[in-house]
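Letters are used for the chains, namely A, B, C and D, taken in the order the chains are written, and counting of residues starts over at 1 for each.
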Amino acid sequence: MEITLTHYLVLSTLLFAIGLIGVMRRKNLLMLFFSTEILLNAVNIGMAAISHYRGDYTGQMFAFFIIAIAASEVAVGLGLLIVWYKRTGKIDLDQMTSMRG
Amino acid sequence: MFEAIAFYLFATLITVMFTITVMTSQALYALTAMAAGMIFISAFFFILGADFLGAIQIIVYTGAVMAIYAFGMMFFDTTRNVIEKRSNPRFVIVLGAFAAVLVVFIVLAPIVTTNLEAHYPIDLAVGNTQAIGMVLFTKYLVPFELAAIMLLVAMIAGIVLAGKKMDKSLTLMAEEEIALMHASSVSETLEEGAH
Amino acid sequence: MEVYLYIALFAPLVGSLFAALFGASPKTVITGLVTSGLLFISFVSSAFLLSYVMSGHTVHVEMMTWIAAGDLYIPFGFVVDQVSVTMMMVVTIVSTVVHIYSIGYMDHDKGFNRFFSYLSAFVFSMMILVMSDNFLGLFIGWEGVGLCSWLLIGFWYHKESASWAANEAFIMNRIADLAMLIGIFMLYWNLGSLQYDVVFANIGTLPMHIITWIGIFLFIGAMGKSAQFPLHTWLADAMEGPTPVSALIHAATMVTAGVYLVVRANPIYSLIPEVGTAIASLGAFVAMFAATMALVNRDMKRIIAYSTLSQLGYMFVAAGLGAYWVALFHLMAHAFFKALLFLGAGNVMHAMHDELDPFKMGGLKKSMKWTWILMTLASVALAGIYPLAGFFSKDLILEVAFVEHHYVLYTVLLLTAGLTAFYSFRLVALIFHGNERHLEHGIHPHEAYTFVLYAMAPLAVLAVIAGMAFKTPYYLMVTHLLPAVTYHIHNHTTFWIMTIGTQLFVILAIAYAYKKYAKAVKVDKKVESGFFYQLLYNQYFIPKIYDEVFSKPYLKLSKLAWKEIDLKIVDATVDGIANMIYQTGEKTHTMQNGNLSSMLRWMVIGLVVLLVLAVAFTAGYNAVNLQAM
Amino acid sequence: MQEHILSILIFFPALAAMLGFVVHKDSARAYGITVAAIEFFLSLWLWSLYDPMTSGMQFMEMAPLVSAFGISYLVGIDGISLFIIILSAFFTLIGIASLTEKRRVKDLIITLLFLEMTMIGVFSALDAIVFYVFWELSLIPMLYIIGAWGGPLRIYASIKFFLYTFTGSLIMLVGMLFMAYFYYQATGQWSFSLLEWYRLILPVNFQMWLFAAFFFGFAIKVPMFPFHTWLPYAHGQAPTIGSVILAAILLKMGTYAFVRFSLPLFPDASVAFMFPIAILAIVMIVYTAMVAYAQEDIKQVVAYSSVSHMGVIILGIFAMNVEGITGSVFLMIAHGVVSGALFLLVGVIYDRRHTKLMSEFGGLASVMPRYATIFGIMMMASVGLPLTINFVGEFLSLLGFYKQSHSYTLVAGTAIIVGAIYMLSAYKKAFFGTVTKEENKNLKDVNRTELLGLVPLVIVAIWLGVYPKPLLVPINNSVEAIVQLMHDKAQTAEAKQRIPDLAHSAGLNSTQEAH
């Protein structure tokens, strides 16, 4: 029962879906950040799998850069979150509605 | 044979871990489950022959990112369980599941592309890390430098944003002190806003 | 000769423009004198033209091009031939008399100048109508006279009834003009031109049904102008205008335009005899119809208006039966004595301070002797007593009907002749004989100005001699153009019985009228309330029917059209579309309410929709390809 | 200088408008009048230079704009557009001369001059895109005139007018682009020039779709029946000068465009659509006449009457023969003069009484005799009395359409009856009867500035009624060219039969040669 690229892609989709559900469910911003991490990791798996089955390093390169971006994103995100928390004392999503249309 | 077992084992583990992160109402459980998930993902990387990537995953992701999150959680006093008012939760899950099904359906369709040849073919002779090093520092040098600058900027931003009034540590303060602090900070922001 | 033609044509226009200059300023006698003078010049030049035409020539001149588009070429062309010169003589004579008369009649009216400008403008358009050499020139005159009659009927525009009558007259004429326009279109598209000579030369080549339709449409046009049956109500209401207007327009000239058209277009009508008989029968019906209405009416001018309507019926009978020159002859004679009758009535109205009901006056013989003589003379001529004009023209029509074996028409016309005699002498008897009922109203009549009476004199003379003197020279001249058909009953006995019989019948009617109305008039309520009396008095309720059936529903329908259709349906749909777009904007706007999670949800929904499309498209594409392969 | 006269005519008012900003407020009116007068004399000079006998385009000017797609600044005039250009210059001059508006006169004059540029541009443009640009530009000044100087509901009216016409013209633009694409497919290179398009013979179903696209753009502008509801609002709220220019010139763009675009480009589609459009035209004539009869506001009566007259014009256009189209082009000019004058007259009474409700007036004839006579003449012209300008146009249009169908013309002919009904009853309500209202007692009669505007119009209305030849000959020659072009391009048998072939005048044995 040999593992093919599709297996990995299905897995990556599954994880992506879980991340998506997390993003939509969560009202607490920190938890929302967790879900975004899951999204990114799901994509990384896909990338790595394709790189392996296609025999092409580009996939890994992308995964590598995604990790770099994720790291910086978390840094800045949490920084902002802290400022928001200091200002309002809560990190609840429903409260941030100033960018109303 | 082993590879299949490993794949399914790790796949189920990751799915369970991430479902916990998403579904739990306890912040701590979420954090730990995600860290575990990350580790298993790095395991995948090793299965797929991307050793350097697996290492990076462990060091950067699980190490640094999870650490910052841990710190963040401590900072945002999420010790108590996170109460969230959610509107029609079932809709969200159904939507997510339906999206997943659709993508799976697309992925399952036979990939017909034949003329896709690899830009940087993997030759197993050379070690993965060395090969990645070669590619990273020749073709992707510019993005690599940009990533470096980006990380630097992120670092500075993090410091600047979270720098002020770090002296008061929540964990050491008593309950009422925290409440008082919140009250003062709220009033403080109000005057700021006022004038 | 062209110079006389232009003088005859443009003299009234010059007079009208001259009078128009003083339009707003108060009364100045010059305008009256100048316009009458110019009309007299026009009369003189018409007389010259008459003598020229009598000697067998005609004048045809083309002034300039009017409309030239595609193959249509219409010039301002004028022709003076036998028919048009007769009409010109009638128009100029009567209008000169009426102009002089109205100097006296209108001298207390502050719109004096304006009146003369309109009157001369009317004569000008009548001259165009009569003298133009193509159907569209005729149409210019046709609508021009309609306009002037609208101006003159509504002359005292402060009176609501006058302006209403003016509008009614104009609109009713317009209805008939539409039919005439369609006739003109048919002529153009079938014959390529509207010139009389071209049309009458080629009319024979057309298939029969087209000629019939052209004849019918042109006749409907004539019907409107000459107030025949369905379109006659405007003539009675047109009496709102000043009396000289009624005399000139609604007795002598405008109403006869319809007869002129039928006479002018005789080549068309001679090809379609059954339309001719239809015209004749309608004419007879109108003659009887109008005469009955005149019997009971209590308004002096309306009685004379109905008698005009009745005489027009006579003319149409003659024209319908193909006796065109007889119709024209009766038109000429009738114009003279009818105008005289109207002017006399004008004098009486003036004396009675605009009181119109003959029952409220009487015995004016003593105070208005000359008017009495003139009016009796006109009535005798109208009734058709031997030496006067009426006998020669009206009884001729009776002969035509008899010879053409239309005995039904003959009896109807004979009866109407009796009725005509009765109501005209009822009028004369009521006004001039019997006790002076007007005294208890405190009115002291006085005779009109002498120059007014002198102005009426030529008409009186013509009313007497027109029959005998003019008949033969007129016949010789006109038959150059019109078909020369003579009507005389072969065996003498029937001829004499017929003429003597009609004379006796008419004299009997006059005697009866005198007996009934000359003495003290007792108004018996029983007759008045009778069904027939009411029927006739309200003109067979036709004006009311028209009002109920046409004008009121039209107004209601237009209000409905505006309020409901235009505002509620058409406009509402447009605003509805605009509103719909606005509402969709309004609703989708809540999608961006700032709440991150709801926005995320919308994003995922969008993603799902795209995925569905992608899947559906690829599925469809594959299905097609697999099937194609 | 002579071959560039058209560009001068188009851009001179715009430049003058730019300069107008520096002119001092008080002398704005004088400035406006001089500019308009120069423009008018230029147009008269254009007329004198114009050779009526040739039927093709004259004073052509060509300058490439976007040569990649064959869009060029191509302008030129023939008999059809010449007189509407003169009319626009004439009305701008009259409008500014008899301007009684007090508020912000300078801006109004600048907007009017700008509007004049767009008007003359529309009528002289021979390139589809240049035509479209001027067509859209003409909306903007009108939007300001109605929006800024209008009555209480002006914002609603101006926006409705703008959006309504704008949507129509967008559909028209789509049609133009498709047309250019078909031209590209057929000939291999891009061109938006109308004269090139004239030579393109499209398959019939393409023609149908393109005709429909152009129809929407033009029908809204005319305005034809279902799309006419913006007109009463626009006229109701526009200031006098706005209504005059809107009624006199802007409505003509739609009908002019029918003659210039729809007929020659899509002959078969025009013939196929002839009867539905004829029905619309008849509905326009009778329905709006009835609505006009029901109005209480004198300006609405005149507004609806212009829709009714446009119905006759549309009928004339779709008569597909020389008489009909010549008649409709002449009626465009006639209606411009008459409805322009009527709106000026309504403006006169509005300036005095600041109300347009007929119930407010009564017996004005005795109070203002000169005003009553001028109004009477113009009313009679509007009703189509012979020897006035409208009759020639109406007669030829109805005559033209009679050849296509007898019964339709009979029903359309009721135009002269229903026209008389609403016009005369409006005249009776306003002018006849006794003076009931106190304010009407001492109204002043028409003053000098108003007469300055009205008298020339009355003279033109009667002069062109009596002697229309100087207009009819050039229009006739240009229309013959178009009808001949349509006949040659027609593919369907019905189109061949309905559009007369003038080459050897098979249709009619015209006995007298053309005078």
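Methods note: a residue touches a chain if its C-beta (ideal position, glycine included) is under 8 Å from a C-beta of that chain, and two chains touch if they have at least 3 such contacts.
Just so it is clear, the structure is predicted and the values come from calculations on it, not from any experiment.
Remark: among chain pairs A-B and C-D, A-B carries the greater number of C-beta contacts.
Computed from the mean C-alpha positions, the centre of chain A lies at a distance of 6 Å from the centre of chain B. Averaged C-alpha coordinates put the centre of chain C at 36 Å from the centre of chain D.
With centres taken as mean Cα positions, chain C sits 95 Å from chain A. Spacing of chain B relative to chain D, judged by their CA centroids, is 70 angstrom. For chain A, the set of residues touching two or more other chains reads 20, 24, 26-27, 94. Counting only residues that touch two or more partner chains, chain D has none.
Across the assembly, chain B contributes 92, 95-96, 99, 103 as residues in contact with two or more other chains.
By the document's touch criterion, interfaces exist between A-B, A-C, B-C, C-D.
Chain C makes touch with chain D in their complex at residues 23-24, 64-73, 75, 136, 139-140, 143-144, 147, 150, 154, 157-158, 160, 162-164, 167, 170-171, 174-175, 177-178, 181-182, 185-186, 188-189, 192-193, 198, 554-555, 557-559, 561-563, 565-566, 570-571, 574, 578.
Against chain A, in their complex, chain B makes its touches with residues 3-4, 7, 11, 14-15, 18-19, 21-23, 27, 30-31, 34, 37-38, 41, 44-45, 48-50, 52-53, 56-57, 60-61, 64-65, 68-69, 71-73, 75-76, 78, 82, 84-86, 89, 92-93, 95-97, 99-100, 103-104, 107-108, 116, 118-122, 131-132, 135-136, 139-140, 143, 147, 150-151, 153-155, 157-162, 164-165, 182, 185-186, 189. Contact residues of chain C toward chain A in the complex are 589, 591-597, 600-601, 604. Residues of chain C that touch chain B in their complex: 601, 604-605, 607-608, 611-612, 614-615, 618.
Across the interface of their complex, chain C is touched by residues 160, 163-164, 226-230, 232, 287, 290-295, 321-323, 326-327, 330, 363, 365-366, 369-370, 373, 380, 385-387, 391-392, 395-396, 398-399, 402-403, 406, 409-410, 413-414, 416-417, 420-421, 424-425, 428, 431-434, 466-469, 472-473, 475-476, 479-480, 505, 508-512, 514-515 of chain D.
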